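What follows is a set of structures for review.
Two complexes, one shared chain (chain A), two partners (chain B, chain C).
Let's turn to the complex of A and B:
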């Protein structure tokens, strides 16, 4: 995992897993279709990415499919020209 | 013909998929008024059998109470059967106003608006009051009707981990740029039976300038010393901005719901909430009976006290028998089995023993959190619970779950 992938993964673990939840999240773990992130909670993930990577994710791009794995999220950020973790 | 055979085939396949996934829900036909002992026909076509009911929301045992029935009859005679109108055209009688005033006094709020159901109250309230300048921050275990209502609103939506005040505080800090922050929670959570820490929630709301919304459907009538709800139980009467609740559980169990709270918020619902504007008025017979229910609840705390005692007694019996329970202080007592198939089998076997309970599993609760939800009522007598525990012990022992905790049950049955 690269730095940005790790950052997203760590955020998902902290934000969405309950204490005692031992599931591991890797690059392709299904987040939304797997019931880890619900569609409401995507908001916080989107805001987190926008802040960390200094970009705007248009609502049309913030689809459940695009947010369904760490890999697809990082791909989306790259496609939108995100700068990678901004410190 | 527009209902093409391909459409029919596709829908039949969808139904089959539900069945194959073990998620097919079947109704059980009850040949009796609601109560502690009922006659149930199941499977359909079988002769009805007597069972003890441990799965109704009939918390106060008022669903078939003689005084409530008499009030309903009188209401029917005096104000008729139906209104044939939504509230704001010609569907509001004097008794609708009377009931709203009585609910306001009971809940300790400023004003109240009746809805056809609490599902409708939740469906209408967020859209009527909030827009894209606001944020709704909901506990992750709120009831499905709140989730739907939030979806209908243009407000930004966010969530916090169940009852996690640290996480809620982070979210409140993060959303300080919004015009209004609204914390959204159930009072008593319907599947877990735990009680929202409303005292801490109100303190956070005051610190971070947020409003508080509580759905008290599983609390109104019995939580708190005089049964007013979770806000009474947690010492924050008068400090909840919006309460929604139902008349369909403890408060008579028929139907109807309301939005109650700050006067301006309730008035805006009266002006704008779509289920209020576009669905028929609560029928007079229910309004008249609900007024009687509030009178009964106000007259004595006997019923809520008995309910509390029953819940305590039932928890003790289950714990002594070796079941794994969710901790809590409400009359919702979930018996944890974790595995969906196990929960289904145990509830089926309990039914065969004359105990009516239902297993809940994904998607109603999280994966790996399957359970049997038992619910107490003031209509239960000790002998009902003593008989029920015998059946629970017998079935629990047959399945080998007695004395096992989560990890052991999961090790034996899987998730």
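Let's turn to the complex of A and C:
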């Protein structure tokens, strides 16, 4: 995993995985369809990415499909020209 | 004295007589939803018919017949009654994802005479504790992933005697915690079910209001008459159907129409224990040849966003009837579903307190896109003037949507709060809290809420709970939560926050408050936006004027400001 992938993965584990949930999160673990992040919680994940990667994610791009795995999230950030972890 | 006015005669000869006849129930006889949804169907020769086609997000699938349902609910009821030592009348919470044990546990609790208290498993610590504390819950049935929340809540719940874990495996359990491995328990062929009175409490669903903490809507076993008949007449369920209800049983739709209504009718249900993904949902509809689909406007709008083309990649030809509930279905969604699925979604209206559908677009009825439909036969609905409490009697004039409280599924009270329930009535009408109008053809049209409750994605969220939780954050001095328009969820929570002196807005603070609320309350209650403001509009007596903030968000006139305190 690269630095951004690790950042997103660690954030998901810390903020969204319940403590008794023993699943491991890898690049392709389904986050939305797997019930780890729901469509409401996606907003806080979006905010986190916007702050850490210094970008704006248009609402039309913040779809369940785009947020369904660490890989797809990082791909989205790259496509939107995110700067990678900041701060 | 309860404001609910039931006339027994109506359940024999009147509008609900058909349901009483089909379910072989007569006034004065016991009635048990658990038995009616399992044993009775086996007696009718449906034992080998599939009752539950279950699948999770990983594609693990299980199939249960009505005889499995009968035996597994017996087994679980026996366990709750004798191994866990629970008694009829006690509140037993189901805090589970959509695993099979949730569905079996619900009927098992009813069979042994308990009161089922299903709670949305995404609830955070405070939301869970508040509801368990108010109900005086005796036991929680949960799974390992949610055990941490239950353990934390239990520290402050002296009435909670047992925590039952359905997937404990090798997990070390604490005193008072029990492992329930349904697959390994000896199957119980015969269980002496509790002969519940028709008016005995059955289900406790918590619902939010403008003020105070959520209230426990107290349903009774007689509600099955309403759920049975509306599932048949509104959702158009027929013997060969495969039915899918998207709702989680943590909410009333998920029990009234995700368990009771379809199973009382002996219908095969498909359940998907997975989060939302358009392609995954279409694949599920295709795989199980779903014929009747009960969904929600938020989900439909998310599907719309992914386009009709995606839907056309799947064979959805089995779909016969579509219905929707949760918030008003916008006309565009009705038109889109006609184009995409060849049939419209039929909007239905009801609420936690009504227990079953009260206004609907019935099958075969002309659908006016955007309308709620007409009252279900047997339900008297009207629109009353907010001042006089009398029907407005004029087509198109908006007022409060009101119901005669004389149908079987209306709740009998709020748990331990009869005063709040009595306050919902005026001139013999139950006031729903929604504003609506009736057109010249008798169709009802939703106008909006009459209070500050936020309807987000079809779920009601109370501003008081959110504001109370926000005040627990060390940086927050004052706060207000209001509804903000949203193209997918109809409304989302927007918070206005005044920080304590010396605290400044920084990059992390907004996210920190959002995540705090998500974990303490639920993802639904998490503000999707936070505005940091120097002060909040207040009355001269110091009460925060949410309506001013709400009107600003909706671009509406703010109304009378004569009582507003000037800065």
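Quick note on the criterion: the second predicted complex is superposed on the first by the 87 of 87 C-alpha atoms of A that agree within 3 Å, B and C clash if a C-alpha of one lies under 4 Å from a C-alpha of the other, contacts with A are read in each partner's own complex, and residues count from 1 in each chain.
Criterion: a contact is a pair of C-beta atoms (placed from the backbone, for glycine too) under 8 Å apart; a residue touches a chain by one contact, two chains touch by 3 or more.
Keep in mind the model is a prediction, meaning the values are calculated, not measured.
Asker: Touching A:18 in the superposition: chain B (first), chain C (second), both, neither?
Answerer: Both partners, chain B and chain C.
Asker: Among the partners chain B and chain C, which is in contact with a greater number of residues of chain A?
Answerer: Comparing chain B with chain C, the partner touching more chain A residues is C.
Asker: By the touch definition at the top of the document, which applies to A:64: first (chain B), second (chain C), both, or neither?
Answerer: The second partner, chain C, only.
Asker: Looking at the overlay, does A:30 come into contact with chain B only (first), chain C only (second), both, or neither?
Answerer: In the superposed model, A:30 contacts chain C only, not chain B.
Asker: With both complexes overlaid on chain A, does A:47 touch chain B (first), chain C (second), both or neither?
Answerer: both
Asker: Go through the superposed model and pick first if A:56 touches only chain B, second if only chain C, both, or neither.
Answerer: neither
Asker: Which chain A residues come up in both lists, the one for chain B and the one for chain C?
Answerer: After superposing on chain A, chain A residues 18, 35, 38, 40-41, 43-44, 47 contact both chain B and chain C.
Asker: Which bits of chain A are touching chain C when the two form their complex?
Answerer: 15, 18-22, 30, 32-41, 43-44, 47-48, 51, 63-65, 68, 87
Asker: Mind pulling up the chain A residues that touch chain B in the complex?
Answerer: 18, 35, 38, 40-41, 43-44, 47
Asker: For a test of understanding, state which residues of chain B touch chain A in their complex under the given definition.
Answerer: 138, 140, 147, 150, 156-159, 161-162, 171, 174, 362, 366-367
Asker: Can you check the complex and tell me which residues of chain C touch chain A?
Answerer: Going through chain C, the ones touching chain A are 57-58, 97, 122, 143-149, 273-280, 302, 305-306, 456-457, 488-489, 492, 507-508, 510-511, 514-515, 518, 523-524, 526, 528.
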